[in-house]
Amino acid sequence: MIPHDILTLYGAKGLEYVIAIAFLVLFVPFWRYAMGTRPAPEPAFVRAAQAAPAHSDLVEWFRVARDVFYHPGHAWARAAEAAGAVLVGADDFAQKLVGPLRTIELPAPGTAVRQGEPAWRLHAGDKALDMLSPVDGVVTAVNREVLDNPDLLRDDPYGAGWLLQVQSPRFAAQRKGLLSGRMAHRWIEDATNALRLRMSPDLGLAMQDGGVPVDGIAQALAPEDWDRVAREFLLS
Amino acid sequence: MSSRPATLTSPQPWFTEKVLMGQPWAEYRRNLFTPFNVVAALILAVGILIIVYRFAAGLGATTNLSQTNPWGIWIGFDMLCGVALAAGGYTLATTVYIFGLDEYHPVVRPAVLTGFLGYVFAVLGLMCDLGRPWNLPIPMVYSFGTTSVMFEVGWCVMLYTIVLALEFSPAFFEWLGWQKLRTYLLRATIGLTVAAVMLSTLHQSSLGALFLMAPTKLHPLWYSPFIPIFFFVSSIVAGLSMVIVESSLSHRAFQSRVNHHVDMDKLVLGLARAASVILFAYVFLRLQGLADSGRTDLLATPLGLWFLAEIVLFAAVPCLLFAHGARTRNATLVRWTAGWSVLGIVVYRLNVSVVAYNWEAAERYIPSWMEVWTSLTLVTTGILVFRWIVNRMPVLQDTNGH
Amino acid sequence: MRLTRRTFFKLGGAAGALTLAGPAPAAAATSKVPGGSMKAVLVDTTKCVGCRACEAACAEANGLGGPELAGDDRVFATPRTTSTRAFTVVNRYPGHGGTPDRFVKRQCMHCVEPACASACLARAIEKTPNGPVVYHGERCLGCRYCMVACPFEVPKFEYESATPFIRKCTFCPERQAKGLEPACTSVCPTGALTFGTRADLLLEARQRVYGSPEKYAQEIYGELEAGGTSWMYIGDRPLEKVGLPASVPNVAFSSLTQPALAAVPFVLTLWPPLLMGLYTFSQRRKGVDAAATTDTHEVRHE
């Protein structure tokens, strides 16, 4: 350090005090400036195919989205932008249970679906299983991208992996019978416990450590007749 | 889409599945010939020759270092900037594990990986610069120059590289499927993070403290007893900015590996807010250093103007742009500002080590092309290794591993 | 290196610093002079005639292959610095308006608290109790930090070699161990170089300088510079004008980094409780948030 003489030192130290006070005075307004934000712009209507990723929580091993309503058969429904339109899909539990899909059979637009009745079919390995529709209505659109690339269902089951758009005028009433929020969390926990009871020691060790569940839990549990296990959960 | 789960298809050999990403060798080899890879291979081919030549013929034959300018860009850039830009490892680990801000979890693993690779390649650059690198174990094992800042830097960098390796190892073990080891190391996360912050505080500041030994050689505006504080605070900014830059590039380059659930824009805006507040304090710290130097008369000289430009253009401007971008939710502005901020960190460290150092000497140092090419080789190799790891190990996916 | 370590502890201000008993064990006259009992050299530039016998003796004693342009005055055309092949050089500074030329010998200053020794991470440069600052090549990493640290630009690096060493004047410790003078001082014909203890030489320098103010500039270069050097210079011209570095701070350079190093134990001690406190606080906040929103299992940090 280059030593100063005492005369310039008064000036230098005085300047330092001034700078420090200036900093303190300016800090609070700056903090408020940096931390504040303008209100988020109103979300414009987006094509259903580019639906924003849903906010989700991790419950045990499975993602549970916050803004959807679940049918006990592990299908979900969410109101879309247009009046009466509902997006429908399979939840994370279902896709992890069944595992990588060969293909998905979706109903053509115009088909009527009823809550609790089979609406679409998943093909994995050499087996096929149906999933139940969560709402009543008429199919107005299907997600073509999921047909071409079933992995979308695994990567983003609540967003880009949606399956059907259904015109469901009575959705507001019907969704009261569906699960959401804390109830949905509890339901997934119960399902997970049910799975745990069936775990073989090898699989169990991996899971209890918090590892990623094997894709295709049903197949890992019962390689020969995994569709029977899956149907127990999917209620189909 | 990358590797298929081995449960469904017939099990592939380990090498094919893990290393070749499930592609047969012929297909993998074919896919290697991208423009980027060809350019990188050329850079490496020449670079390796230069490095061999450097060790065969000595530093005089390959660098423009001299008796008056003993340190060049291998110290000024590879070491000082490499270490600063790798600071994302400890800043993000602190954010997620100490401050408990879980929403940043998706970027902590890439930050730790960037940190680890940054340090590895900074150390490799140092090996090229040392005249007698084979003596490296000596101050580590039996001859301890404890009065030396360089000693502290060496030890801290060595220990911290180990800490980073341990912090990254859960991802490595997930790749190999070694669950027990992975869980065991996950438990050490908090301890490793505390160690990381301690060691980083020490060596980030000490890299600046090295120059305290040169009061007659470093320009009075840059020479300050507070250099260690400036280096440490700017390293935090460097880490945050680098994480923004790296995540933006990774998400474009590695589309298939990324977890699309994550709202990266929101994370980037959050990091920008933190960076802007820290830069705000940093600007005032530098002004304090200016006052303390008692040499405000030098501001009217060319170097003095460059000093002001460094603070205004490369610290105050990114501070305001980060804040504005975060306020207006302009992630694009924030990303460009992050790149500018990274540049600012590099400028500061090059100023201290090369521009303001020996500012009065007649003989100025300009790096030789071989020095530049070596640095380029190290950076390219680092990128290639980063890409290799990200393509195979769970780094970008944010699995529920921590 | 007792002196350096003692100063480190004092300046570092570490809590519970060891107290070392008393002043340096030396004769009463030397007790006030830093390095007073160590060997030193007084260089009186008014007496040097530029014969360069010192350069020749040094080259021979160290096996350096002879000074360049021996006996040839063209060597004085521009001031030289020491090099890996020349541990000492004599430079000429032309006289003005009738004053004679002055010749100044340059070499390692063998500082009382050398910056290079304090900078070396492997203790490859060390200050010996007798005075010489010695270099141990077998420990050297070639990092060149000593070159950055030295304000006199003394250490020179063998850039041309693939196994480079630092090279500099050694102060002939082997000769001194045998009771001889260093090679250079032993051959100086005019008495420009006087070998003795630092305290004695400082006294001698003061007598000459203050005793003959018309003959000498009123300064002793190396008395205080860099905390005091063993090679001290007096002359009729200000010594900054004859090649010696100007504005070298009058502090031992090791004291410049000691505050930074002193912070190390504090960081190592304070950071863990600080960080763990923040961690506990943030975990508690998250626990409160979790209980408030949902009672299901949240993401667990292991």
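A, B and C are the chain letters, set down in written order, and residue numbers restart from 1 in every chain.
As a working rule, contacts are C-beta pairs under 8 Å (C-beta built on N, C-alpha and C of every residue); 3 or more make two chains touch, one makes a residue touch a chain.
Source: prediction; values computed, not measured.
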{"item": "Busiest interface, counted in C-beta pairs", "value": "B-C"}
{"item": "Reference chain A; chain at largest CA-centroid distance", "value": "C"}
{"item": "Euclidean distance of C-alpha centroids - chain A vs chain C, Å", "value": "67"}
{"item": "Inter-chain centre distance, chain B versus chain C - centres from mean C-alpha coordinates, in Å", "value": "34"}
{"item": "Whole-Å gap between the CA centroids of chain A and chain B", "value": "34"}
{"item": "Sequence positions of chain A contacting 2 or more other chains", "value": "1-2, 58, 210"}
{"item": "Sites on chain C at which at least two other chains make contact", "value": "247, 249, 256, 299, 302"}
{"item": "Contacts with two or more other chains, residues of chain B listed in rising order", "value": "183, 186, 215, 225, 400"}
{"item": "Residues of chain C that touch chain B when the two form their complex", "value": "4-5, 8, 81, 83, 115, 117-124, 138-145, 147-149, 151, 153, 156-165, 245, 247-249, 253-254, 256-261, 263-264, 267-268, 271-272, 275-276, 278-279, 282-283, 285-286, 299, 301-302"}
{"item": "Chain B-touching residues of chain A, taken from the complex the two chains share", "value": "1-2, 4, 8-9, 11-12, 15-16, 19-20, 22-23, 26-27, 30-31, 33-38, 40, 53, 56, 58, 61, 63, 99-100, 125, 151, 155-156, 159-160, 205-206, 209-212, 214-216, 219-220"}
{"item": "Touch list for chain B against partner chain A, complex", "value": "1, 4-5, 7-8, 174, 179-180, 182-183, 186, 215, 220, 223-225, 260-263, 273, 276-277, 280-281, 284, 287-288, 291-295, 322-323, 326-329, 399-401"}
{"item": "Residue ranges of chain B in contact with chain C within the complex", "value": "55-61, 63, 65-68, 70-71, 94, 97-102, 129-133, 135-136, 138-139, 143-145, 147-152, 154, 183, 186-187, 189-190, 193-194, 197-198, 201-202, 205-206, 209-217, 225, 228, 400, 402"}
